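Chains: A, B, C and D, in written order; residue numbering restarts at 1 for each.
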């Protein structure tokens, strides 16, 4: 480990460097803005993020490498997720520009926090070392705490933040304790070495299982899987809507990234997730644990979502269910399964952000978050209605939307194993049907019922419409024209292995 | 000849189309005469065929033409025309009666609200009836079978404003369908075993052993002979429906709700005889058991219907039951193997019963006009208790009535005597000679002559009762009587023609012996060879010989019983020596039974239809109110109830759509909501518990 | 006290105490202290394993980072708790249940 | 152009829907006539397709085949054979005629016709696609417009009906999806191509899934998916509700085309791909067919709502299809598909007729009419015709198909068929009873001024009546169209069973 190597690695670290630079720049720039114009910092942050995204896209990941003594990996997998979280962040910033909640505040630091959160996720998706995992996880968590409590004077936001903090700190504490045991059991901190040690045997299965559960508490909280989801509804409701949207998408994707990387390396038979014939660690059936988690998440998420009358809460709960679907891919944990998760993450980002964005706009324009009060929206604002319908169908997983293809890929990867996961697929699909029920309530409210045609048709501002179309169109058409996302996701299942 | 037959078949259809599409426009411009013209054209054509047949004088004459209609490669159905002497005679009967009824109707139906449509329906009826007559296969006959059902439905329901008419039409159609499904099942058996519906091929293939070798594929290797019995009886079910045999006879009396000419054409002369015609067609492949069944049903129906006819007061109802009874005769004849006699009776019956109905129509027409003049809409013009003494006012009608009543009662010199006598001789022979079939096995064959002679006596009685009540005695309603007039020529001419055709000589030419049926008819119509080689009831020669021997005793007996019947009738209704009322009270239960048609309708309505409709209701309710509601939606509603108590999410569930999601999910959701307390520390505990459970589950 | 097991027992006790504190205390600051206990339990593990098992400095290194991050976390958390106090006048987490459904 | 006929006929309505969206909503006539024109052109194309279709060949024709999503071997594969050709014609025909039944839609016309055209495209796609994945996409796509069409333009309980329909069918669809994926992975190489799947039929019978014979498990999965559409008892309860609440044109499409998709799915996928399982399940299917026939007819007899009665009659009529299919004899199979077509035309007529009287009287209570024949003779006449066609009177196409299914099923399921014939009587019962109560008897004075059926309504009905009548008298063209394919189907399924020793 010499300095030359570090300097050489910096080349592969370029996106993060740029992002860090942007953060600093925005902080500085924001110093010179008064509250009224602090939104400009937001524009700057968004611009910087676009730049970073370009850097990520330009990075050559054909040869996966570890940088900084294999603390971080630069590979196709992390690259894909960086793209996802960056796009998510950009879209959320765009949404935030239109959010009434943030109007009249000083918002420079808000955007800075989002940037840092993004940076944290950059690290998280590429972490390959217990230390880097923990640090990046904390980075993401801390920023999330702050963002969810951003509406300082609002009781709800406040409460959300405190709960989030307590829950987050608690979970990461347990995670850390698990890490420490893992370190003790294997004597190393790099996930590759840990794997090697575990594969060599000599570790008591029960102890290993305990470690596994502890690790899961930490990761599970990040992706809001049942039973580690309890913070979700409260935080999602209390946080500013754009942040809720962001939390339900980007950190979740990053959380999945670390779960996949961690589990597929540490708890695998040969430590190489790039191989076709991938196998789990012999004495630890962690896939069963994940299956259980997946089933619980899907079912509980759906069941509670049914009860919601507030669209934000409904979307929040349903995000738990979606985490469950994605976990199904983790269960399979082979190349197709991971590709399916990546694909799902991408599609889910589009549709969930889209749905939240419509919700924000409806809140702005009609001042309501109640699903019942979406009444006649389809006629009052036809474009908004149609687009929302597309999002709802996609979230349900109905053809011809991307949501269907995403689910299709997930279930496809399950059924590939024939008997093994067939029941899991059935449960998952039935859950899909249940979800129809609450998503359709939105559609129903928008179109059905006694029709009183509005006098005036509401026209959303151009930038809102443009953003919505950008989100909706790929959902509708993307998969039909060669499905570029699918190709990208498949090529991205390429891990750095030491 | 085939082309001629096809013309006869399709011309009435043209009449139908013209009347339906253009009839209304020409209603005031004698448009009906187009139909009458067409009908008479077919009559001329039929007569031409008849003449050819007589000159050919070949009992084995037959012609067949068929075309592929439906071809699935491995499965095909051909439609075609089969003509033999029976066909030709039947075509003549249909054409003749139909023509006369057309003519008659121009007066009888004058001024009707749906005048042109009436003629159109007569057209489609004639078409379908000709179709039955000309069919060469079971499948084709089935199709036309249903079509006559349709025309019958349309014509019975001609005055659908009356609920009774609409009811009767529906009843006729559905009762017939009950018989038809039997027929269809029989067809399916035959088609499955033999792969054909064609009458000739069926007979051939039974004869060459195809049946015996293939029959085992049904019902798990059933005895072929038994299967043939089943098939035969099932096909005969169609005849039971159409020819109003017990127990499916109930529709025919009700069908009298239709216009009287329709009753004459359809419900007396032709359509109801289609069942007999069908039996004639399937005659070659009926087994002894099947024939015994047919004979028994026919005989029972003959007697049964006759007993009801005694007490009816509606002139058309008497005739209707008499028709049922006479059809029973024909069926019984075929069942006993008296093929020629059965078909012969069909033809003679068509003439005299057609005449009887048209004559009764003439009476009703007169009554109706009289009532119309009196502006009386209460009195029933068909009730014989309102008539009496009409002899003087309506001499032609009366004359026709006398002739045809004589014919139906089996009085010598009239056609009915010949045919009925032949049937009775047949039953006699059967009872004496039969050695197979369940009737013989149970030693019950003697019951058939009992049915036959009993019915003959009763027939004579009630027919004369009808005459006496209607035409003799005092006019019971003098003011009505005052306005009675003889019907116009277009009505009486057909009557007279049919009366003439009810005399013996028409059928015995060139011979003129009034007590023997030898003549052109027995020359051209002869019993076909049976295809059932094993277990036939008796061999043909033996049977003909027996018929010959039974002829005289049967004739004598029938004359005696008819005479007794007439005598009783004279005593009661003409001379009033015996009081009908006293007789009725004395007979008590019997009288009431007869008057109420032995409660068959009540049995059907209360015993079958009502319970079945209740069952349907139950199914309908079960489906929507129980199955769908409880099993599929019910969870939601239960939750609604419980949640009212708990008091949350009410509006959501009232919302209605929840009812699919099910109580389990609701309950789960409720519980989970309960867990979501909002207290962070509870959450943490739950996390710990969750983690512990995960751990525990996977350790074990 | 130079057996690994002693350290592990200590850390386990600390961990349990931490959990107990977090779950039972109502005071926001106290809960954060409980979290610190958990983190320190992990720290002890890391250092102990480092000393007895691996004989490298990896564990020490990690524990240094943990201490640092714990400070950052405390800063954030306290800021939020402070905010709670500003809004409510107390820091009783238990009563923060406005988001209950 | 001939190479792309199927694509054109499938996607033309999508273009039409887009075009209609662009029309300003005030231009009502352009919207209506536009929809009529598009479906009309589609019908012309459908007829063109039949004109170039080779009747003598049982193979797939007019094929359009190229890779679509190569990663999963998903293909864009369209083609028709004797099984789908009648359905293509039926879809185009009913879509065209249903536009005219949609004339009196009273709100949001633009949305209605756009969705209607999308529905049309979805249905057409189901019948033309030969790639299972593509099939599934169309299958589901068709759901969405249906949901809106019932939920927005339906009767008083429309929302409930719509969501129920949606949930029911989606439930079936996910099982279908499972079955589809299972087939995909059991095939080698993995494929959704139905023809290749059919070729590999034998190996599905040998594989194990869920500890059972994979063929049977998949059969059941597909069965539920298809059965809900048919609908087969006990999955039928969405149907009366959806039919009753849907606007007339949509009821027409529902009964005329949608129900056929279920049975089509059986014959297109379950039968050829899961041959052994098909033979295995033939008896239970026949029993279900019998239940459908009798149960549907009995429920129909109990109804007071005319539309509900017609809806249940569909349940009954589809039972014949099922019975014929299960028999696996040429007569039964041809009868079943012919019955699919005939039920399409006849039930379309029935629903249109119910719509006619509902538009005028604003209710459908059978007991609430009486004597209508007096004031609306033409309507009464056409209804009589449709009712008699419905009850299977010879001379109408329904008779032939019902007779064929029964004759075909008889040698195989003798007792079941015997009981099924009772359905013939019951059919006559409810149709005639309803007819009597509505049209006969004393005229209900409320309806003295009832308007007779108008030209537009007749325009939609008469072609159907003519087809019903024509095929009833001369069924050969339609049977020729399908018999080669269907006989082959029977042959391969049977021989596979023989090979498997069933």
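Everything below uses one rule, namely that a contact is a pair of C-beta atoms (placed from the backbone, for glycine too) under 8 Å apart; a residue touches a chain by one contact, two chains touch by 3 or more.
Here the structure is a predicted model, which is why all the values come from computation and not from measurement.
Trainee: If I rank A-C and B-C by number of C-beta contact pairs, which comes first?
Mentor: A-C
Trainee: Can you figure out the chain closest to the middle, judged by Cα centres?
Mentor: Most central by this criterion: D.
Trainee: Going by the average position of its CA atoms, which chain sits the greatest distance from subunit A?
Mentor: B
Trainee: Taking the mean of the C-alpha atoms as each chain's centre, how many Å separate subunit A from subunit C?
Mentor: Here subunit A and subunit C have centroids separated by 26 Å.
Trainee: How many angstrom between the C-alpha centroids of subunit C and subunit B?
Mentor: 96
Trainee: What's the distance between the Cα centroids of subunit A and subunit B, rounded to whole Å?
Mentor: Here the centre of subunit B sits 77 Å away from the centre of subunit A.
Trainee: Centre to centre, by mean C-alpha position, how many angstrom separate subunit B and subunit D?
Mentor: Centre separation, subunit B to subunit D: 36 Å.
Trainee: So which stretches of subunit A touch two or more other chains?
Mentor: Within subunit A, the residues that touch at least two other chains are 162-163, 166, 170, 174, 233-234, 437, 444.
Trainee: Specify, in ascending order, the residues of subunit D that touch 2 or more different other chains.
Mentor: In subunit D, residues 159, 163, 167 touch at least two other chains, as defined above.
Trainee: I need the residues of subunit C touching at least two other chains; which ones are they?
Mentor: Residues 22, 31, 93, 96-99, 101.
Trainee: Would you please name all pairs of chains that touch?
Mentor: So the chains that touch one another pair up as A-B, A-C, A-D, B-C, B-D.
Trainee: For subunit D, which residues count as touching subunit B in their complex?
Mentor: Spelled out, the residues of subunit D in touch with subunit B are 159-160, 163-164, 167, 234, 237, 240-241, 295, 298-299, 301-303, 312, 329-331, 334, 371, 373-374, 388, 393-395, 399-400, 403-404, 406-408, 410-411, 414, 417-418, 421-422, 424-425, 428-429, 432-433, 436, 439-443, 474-476, 479-480, 483-484, 487.
Trainee: How about subunit A: which of its residues touch subunit D in the complex?
Mentor: The contact residues of subunit A facing subunit D are 379, 393, 398-400, 404, 408, 411-412, 415-416, 418-419, 422-423, 425-426, 429-430, 432-433, 436-437, 440, 444, 447-449, 451, 453, 479, 482-483, 486-487, 490.
Trainee: Which residues of subunit A touch subunit C in their complex?
Mentor: Those in contact with subunit C are residues 130-131, 134-135, 138, 141-142, 145-146, 149, 152-153, 155-156, 158-163, 165-166, 169-170, 173-174, 176-177, 179-181, 183-184, 187-189, 233-234, 237-238.
Trainee: Can you check the complex and tell me which residues of subunit B touch subunit D?
Mentor: Residue list for subunit B touching subunit D: 69-75, 139, 142-147, 150, 153, 157, 160-163, 165-167, 169-170, 173-174, 177-178, 180-181, 184-185, 187-189, 191-192, 217-219, 613, 615-621, 623-624, 627-628, 632, 656-657, 660.
Trainee: Which residues of subunit D touch subunit A in the complex?
Mentor: Spelled out, the residues of subunit D in touch with subunit A are 69, 71-72, 107-108, 136-137, 140-141, 143-144, 147-148, 151-152, 158-159, 162-163, 166-167, 170-171, 174-175, 177-178, 181-182, 184-186, 207-211.
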